[in-house]
Amino acid sequence: MKKIINSPETVVEDMLRGIVAANPQLALAEGMSVIYRKEMSKKVGLVSGGGSGHEPAHAGYVGRGMLDAAVSGNVFSSPDPERILEAIKRADSGKGVLLIIKNYSGDCMNFTMAQELAEMEDIEVDYVIVRDDVAVEDSLHSTGRRGIAGTVFVHKICGAMAETGGSLEQVKAVAEKTIANVRSIGMALSSCTIPAIGKPGFALAEDEMEIGMGIHGEPGVGRCKIMPAKELAEVMLDRIIRDFDKDGGIGGEVSLMVNGYGATPLMELFILNAEVGNILHEKGVTIYKTYVGNYMTALDMAGSSITLLRMDEELKSLLDAVVDTPALKGGA
Amino acid sequence: MKKIINSPETVVEDMLRGIVAANPQLALAEGMSVIYRKEMSKKVGLVSGGGSGHEPAHAGYVGRGMLDAAVSGNVFSSPDPERILEAIKRADSGKGVLLIIKNYSGDCMNFTMAQELAEMEDIEVDYVIVRDDVAVEDSLHSTGRRGIAGTVFVHKICGAMAETGGSLEQVKAVAEKTIANVRSIGMALSSCTIPAIGKPGFALAEDEMEIGMGIHGEPGVGRCKIMPAKELAEVMLDRIIRDFDKDGGIGGEVSLMVNGYGATPLMELFILNAEVGNILHEKGVTIYKTYVGNYMTALDMAGSSITLLRMDEELKSLLDAVVDTPALKGGA
Amino acid sequence: MSLELTSHDYVEYINRAAAKIASEGEYITELDAATGDGDHWTNINSGFKSLVSIGDDLAKMPIGDMFKKIGMTLMSSVGGSSGALYGSAYIAVAKALKDNVSIKIVDIQTIYCEMFAAIKKRGKVEAGQKTMIDAICPAIEVLKKAGEDCYSEKETLLMMKNAAIDGAQDTKYMEAVRGRAYYQKGKGVGHLDPGAVSMSMLIASFADYCIDKISV
Amino acid sequence: MSLELTSHDYVEYINRAAAKIASEGEYITELDAATGDGDHWTNINSGFKSLVSIGDDLAKMPIGDMFKKIGMTLMSSVGGSSGALYGSAYIAVAKALKDNVSIKIVDIQTIYCEMFAAIKKRGKVEAGQKTMIDAICPAIEVLKKAGEDCYSEKETLLMMKNAAIDGAQDTKYMEAVRGRAYYQKGKGVGHLDPGAVSMSMLIASFADYCIDKISV
């Protein structure tokens, strides 16, 4: 394993120090792995988090127009309820707090346990669970779909809604609307290496890739030969579009995120973006806004995910609202 | 070689399509690999460019507050004078154009040839050459220092100066001032793979890293065992500080860029940033502003560079000016 | 001599269990890498390391407080799914045994029944869905049966141990419904569940410790 | 028969040279990977492929125009340092031979002298600094000497070829002053300069072509 780290045991702690060092407007709740805005806002609080290794998620989205606090667990491990409670407290200005949870067993359990603890302290807490990964069958009786890069859209849109003074109920409603309209699919060219383990989680042959990869190096749904970017875009989009078809179709206008998993350079993401754009264009779908970059990563995994969000006027104006966070800035 | 591409021959073309697809405010001069602002600004034009493979540099810095046009050569190969001339024309609104060149033989030759061509067409063109890499001895009788991530600071500061209506002379002066005050040093954990070649340019053993790495996979100045982030930060900063010492010292206040080379995840960059911040703090140096991310990459190389820019009041206000480009936004 | 464990004894067991877990790093990691994200061993190992580090304190606590402290410690130091689940499990045990002054053979059935119920509730799972409870469930059945059929304590403990180990092995043929293995094409069929395997190791260690204790 | 090449002949040489370059991909790439960025072969190869593709047009042009077109084509299709340098070199040749109707043995000296001067100027280099001109420089010396000493055309061409090849080999012991090898710790000492090697291949191909031509 080759990484710029001090030791596998201290990666999360060291990283969090590095984030606040680079962003003096943020603070770190020592020993709690919670990063929050120094200046507390008078609005519904937004908290997200989960295992580390997805940088810039989630601490990179703390700031005006997005989250109020982010809580980090160990690499790929959900943070415990105590830490999540700390994040809730850092985000709560009396208007209630919404937890934005990515759908993983661990996160769901720990975040809802934290909610119970917070309610015992009279903090109003509600939550939404993002489940955008179409590689997994959706179902109420199982774990259901994972939450992946689509979560960033939920952060952005809820953040804008909260910033305009929306109530907890309203913020939750627009979160649910976003969740209902967002779909993602991932792929990997290589595995990632968890620092504490020191070697890649699985092996892919020199000419293989895996479709339906999540953001923890969990095996995907199908291994196949690597293919040209154009074909890859087709295969990935096809899965998303077929899923939209079960729910009213892709519609006329979407926003697009081509997300890198950590070790894939921007050059390749832009190439994929060009092909995705072409296909959507051919299908008569307008792209409202495009995001290309590393937004929700899986350590040093090479690969990417594609996310589509069906747009309406409300989502457009919320997506366009100004943000000021380490990872998203301006009219992003 | 595993990459998300269509074919090695078309990577640059495909990527440029992807960049404009994601950024409707930018346009591509077809066949010329030039990306420029659709809306031409009435100010001194700023052009940069060079070989591809350094994304988001340089097209990602085209926009309000930074460049007017960026020209791309093949991967790691300087663009030819004709294309550079095209970029100059796209940037010229009659107030003259400044070329920001990274110091490589190829770029210097091709950009100055383009300058000659432009002058034949009565466009006023001047240029500056960025040479921030302290791994290389500086000298007038040789190629001298390479231009690496410090170039982004030059883009940002010149862009802000031009936007305020500065003359070509003034913009050039502030560029030279920035160049005189910026120093960088790189390191690599792995080589990168040029698509047309299909295999890594060199090999590093499982426990080796290379200090003084440029951004083209050129061999660095010293190979050594991998070391903890704290030590790495010391070694890298030491080279920069010793170089500042030859020229008045590091001073009391710097801006810092911890740049990823393409395959290194943000987690590791933040860890390095934490250590760099600690050392500067111990030395009593204030950090005015910190940038952590992939700003000047070398394809899929794992590694990073550290850049320090000595600050004064003028540079501070220019660095703080609002930008709106694909890669830098807001009060970045 | 019939079984009667103090807090001090239970901490001795924790130390043994921690050593066992520590020694199985590669095996458990590989199991989780095959169907999950590969961190189950680091999670559970760091949890037991934390318990060992507070062993002196734990040994001095009343049984109920000790279990609660174990639960809180695991919850905050294991992380992930298993942190929440082990945390909930031990806290449930703490409630059930809050008035106990020692742990006898009958209490063992209570312990595992409470754990089973707490994990089921927190994890929204049933037996047979390829999770850690599939190591507990057969152990409980054996304990119930042994109680009815009047086996010796030693026999009971041995049977419990084997049932847990077999239960973990049986997860190989189960389809995952919760947890990460669910994301796999084959729902993890053909692979052991890492959480069930580590749970079976803990149950086996406990059985071994108790047997040693009554064999003295 | 003494040497006299038409544009058509020169294009024939270009085709041969392109084939030679195409066949040396791995070798040249490795040389540039050792001291530079590994792209010299792809650069130069794509340039000669472009020349081959416009061969029919080139063959019909007057000598001067042909050289100019070659220069412009290389400049825009090779890229990098070598594009600018080869471009400048051929454009300089075009100027010097603009009134020529053919290329004779005396013109060869002019060609390489012009190239040498143009590259020196554009690249701000001197002979002995580990660049492509270190293949041209010894070739020019041989041509001058051969002119004075009245060697046969064939002898002259053979000597030129060998001098270029030796010149490229000699770069092994030179320290780089310009170009990427300069960035290396040892300034590239111990490694051949890729640009000098490819230049020597082109000179050697040209000599071979001319020898074939006069041997018919």
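Each chain carries a letter (A, B, C and D) given by its place in the written order, and its residues are counted from 1.
Convention: a residue touches a chain if its C-beta (ideal position, glycine included) is under 8 Å from a C-beta of that chain, and two chains touch if they have at least 3 such contacts.
Keep in mind that what you see is a predicted model, and the values were worked out from it rather than measured.
Of all chains in the assembly, none touches subunit B and also subunit D.
For subunit A, the chain with the farthest CA centroid is D.
Rounded to whole angstrom, the centroid-to-centroid distance between subunit C and subunit D, based on C-alpha atoms, equals 76 Å. With centres defined as mean CA coordinates, subunit C is found 33 Å away from subunit A.
Distance from the subunit A centre to the subunit B centre is 29 Å, each centre being the mean of its Cα atoms. The distance from the centre of subunit B to the centre of subunit C, with each centre set as the mean of the Cα atoms, comes to 55 Å. Looking at subunit B, one finds that none of its residues touch two or more other chains. Under the contact definition stated at the top, not a single residue of subunit D touches 2 or more other chains. Every pair of chains meeting the touch criterion is listed here: A-B, A-C, B-D.
On the subunit B side of its complex with subunit D, the touching residues are 51, 73-83, 104-106, 109-110, 113, 135-136, 141-143, 146, 194, 196-197, 201-202, 214, 216-219, 221-222. Interface residues of subunit C facing subunit A in the complex, by the touch rule stated above, are 29, 33-39, 42-43, 46, 75-85, 87-88, 122-123, 176-180, 182-185. Across the interface of their complex, subunit B is touched by residues 2-7, 11, 14-19, 21-23, 52-53, 55-56, 60, 189-190, 206-207, 209, 226, 228-230, 232, 258, 262-275, 277, 287, 290-292, 294, 297, 299-300, 302, 304, 322, 324, 326, 329-332 of subunit A.
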